[in-house]
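Okay, got some structures for you below.
Two complexes follow with chain A in common, the first pairing it with chain B and the second with chain C.
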Partner chain A sequence: MKRVVFLMLGVVALVSICVSMAPAFGQGSGGGTAIYVTKMPPGYRDWKLISLAHEAGNLNSFAAVLGNDLAYNAFHDGKLTYPDGSIIAALHYGHVPSDENNKVFGQVQSFVPGAPTNTQFMIKDSKKYAATGGWGYGHFNKDGSVGNETLMKTCAPCHAMASRDGVFARYAP
Partner chain B sequence: MKRVVFLMLGVVALVSICVSMAPAFGQGSGGGTAIYVTKMPPGYRDWKLISLAHEAGNLNSFAAVLGNDLAYNAFHDGKLTYPDGSIIAALHYGHVPSDENNKVFGQVQSFVPGAPTNTQFMIKDSKKYAATGGWGYGHFNKDGSVGNETLMKTCAPCHAMASRDGVFARYAP
Partner chain C sequence: MKIDRIRAVMIVALSLCGLVSIAFAAQDKYTVKVPGGLAFSEFRGYESWQLISISHTGEHMAATLGNAVTIKAYAEGIPGNGKTFPDGAKMAKIHWSTKDLETFSGATVPAVQHDADFMLKDSKRFADSGGWGWAAFEYDAKSDSFTPADMTAKPPQGNDAKCGFACHSAVKNRDYVFTSYQHR
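== the complex of A and B ==
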């Protein structure tokens, strides 16, 4: 088996290094042709907060995980699966020290969101995205361009390892 | 001058260790009697996201900074002062590794919100809270009890050192 280090579309996980025995894309998820999300859902920045995430190490990334009402309610109510129409957004930033805050504190302790790095989405549509576990994955670089095919192929296999309907994030109360 | 290490009510800063030459409370902010926020504003968990914060070191804290519409709009539009009625909420959690995520990634890199630790508020009312720079400060422990007097006295002097109307947080786009 070939071990592949790949970038994963992790909603809790930002763009996370994921070491996996990745199957050929589409295998193990019902077959069919993978369809990616290529247009940002409108209004996502104003959605409710689901959780936060920090990926340490080389990724050095900070994320806000937001959801539309269908997704938010499923998270809030602790559902183990998400209804069609659920959309989860992960807004990624650099994890950078705040010079202003640290001057006040007298030590380097305060980290805040730096420049945006990318924005990712998971859209639940069990028919349209049947080939990728019912979720459509989207990745938008900071200039708005979509993630390339190599990156996009890593999303579904990695999320298939998450225990709750392919979702890593948990609701932060 | 006596240097005092005090816990600060930092909206971007969680409950942050702040080293400061703290004035007697009320000095330098127009005098008067300090009034604290003793009741949580309803519905704050569903407010829009302003920013995130991570305090490293002993605090080991993760925060979501949310705002009501008045506060959110002021942040979003880059205002340097906040209108009366603005409310900023800082939801604090432990900054803990996610065992589930790290198993998938094959290394300890993923940090997520742990148990809630406290929730803090800043409410802008330039008359009511004149003694503390126009902001009323509130701190609620995880059991819902309010912060003690010693803690509450640290909020205003530390926030007075923030460059934008006593607010440390910046809008995360």
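== the complex of A and C ==
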């Protein structure tokens, strides 16, 4: 009886380790031609919040990362890999000081989103986007035009370095 | 083999212990209330409200979220159109400390939650503070628990729902709301 319990615990431990390592194997080029996202998913502005990010330097960008229900639930529950149908949206703005808020604070300390710069998407479809790690990447400039081929080619190689199924963002605790 | 087995059991046992202690330690935040003011439970479900905007102030990053009544009001042009938010509008502002994203250099992202602040429109209940009630709850990550902010906090919070009234009066012409909806 004891043996069986030991074995069961061992199996549970092994399965957890395998599950946690799975995304590492799921990545990389699956062959085939890279396909990009060329249409904005409808309704994305109303999706739930996953996290924020500020990128300093030349970009000086401020972003909100939103997810559809499939992506949000996976982020929230810490589940990897992301199921097919998951969509992550990054809404990029400039990172600008707020005169109105700083007046109230009495010093320059408050930054808010400035003009929109671009909107980016990751859509999970392990078959359709097999060549780019199961994720389809989309980049839309502020005028709605799609990112050019040269830019789009840079998405997958960079995201392949993110250990969590190609996703850099973490759910803000 | 035997040692491996013992190790495996110890790992599993330790993780179980961890889980059990988390389960016992976790506070039900919805029981927390500002004395004489708003209760956390009046904002139940705020974690999955929709995003109004984001901000970055001093050492903290924040997201401002709104319930359905609030998002609909913003979509109609409130408060820029001179109209006021309807009763039932609720907003939540969540502040986090920040950190560099380990996996992507140059990016600053939320680290640990610092507080959760709320405002709720009820023109009768809060007739003497512009129709809005405010509440601020500070978060302690170690104990995973919220406590009402007090007079030592910034801004100070007394035993009422007026902690935001003084500051937000600066934008009385926007129905006491600083945050603009970020359109896309």
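One rule holds in what follows: the second predicted complex is superposed on the first by the 145 of 173 C-alpha atoms of A that agree within 3 Å, B and C clash if a C-alpha of one lies under 4 Å from a C-alpha of the other, contacts with A are read in each partner's own complex, and residues count from 1 in each chain.
Everything that follows uses one rule, which is that a contact is a pair of C-beta atoms (placed from the backbone, for glycine too) under 8 Å apart; a residue touches a chain by one contact, two chains touch by 3 or more.
Please read these numbers as outputs of a predicted model, since none were measured by experiment.
Asks: Just from the overlay, do chain B and chain C fit on chain A, or is there a clash?
Replies: Clash - chain B and chain C, as placed by superposing on chain A, overlap.
Asks: Which partner chains sit in contact with A:T38 here, chain B, chain C, both or neither? Use first/second/both/neither.
Replies: Neither: A:T38 stays clear of chain B and chain C.
Asks: Taking the superposition on A as described, I'd like to know which of chain B and chain C A:L52 touches: first, second, both or neither.
Replies: both
Asks: Check the residue A:F168 against both partner chains and state whether it touches chain B (first), chain C (second), both, or neither.
Replies: A:F168 sits against chain B and chain C alike.
Asks: Return first, second, both or neither, reflecting whether A:T81 touches chain B, chain C, both chains, or no partner chain.
Replies: neither
Asks: Check the residue A:N148 against both partner chains and state whether it touches chain B (first), chain C (second), both, or neither.
Replies: In the superposition, A:N148 contacts neither chain B nor chain C.
Asks: Classify the contacts of A:P113 with the two partner chains as first (chain B alone), second (chain C alone), both, or neither.
Replies: A:P113: touches chain B and chain C.
Asks: For chain A, what residues appear in both contact lists, the one with chain B and the one with chain C?
Replies: Overlap of chain B and chain C footprints on chain A: residues 10, 12-13, 45-46, 48-49, 51-57, 59, 62-64, 66, 91, 93, 95, 98, 100-101, 104-105, 109-113, 116, 161-163, 168-170, 172-173.
Asks: Residue numbers of chain C touching chain A in their complex, please.
Replies: 5, 8-9, 11-12, 48, 50-51, 53-58, 61, 63, 65, 71, 94, 96, 98, 101, 103-104, 106-110, 112-113, 141, 167, 170-171, 178, 182-184
Asks: Chain C touches which residues of chain A in the complex?
Replies: 6, 9-10, 12-13, 44-49, 51-57, 59, 62-64, 66, 72, 91, 93, 95, 98, 100-101, 103-105, 109-113, 116, 119, 161-163, 168-170, 172-173
Asks: Please name which positions on chain B make contact with chain A in the complex.
Replies: Residues 10, 12-13, 16-20, 45-46, 48-49, 51-57, 59, 62-64, 66, 91, 93, 95, 98, 100-101, 104-113, 116, 158, 161-163, 168-170, 172-173 of chain B touch chain A in their complex.
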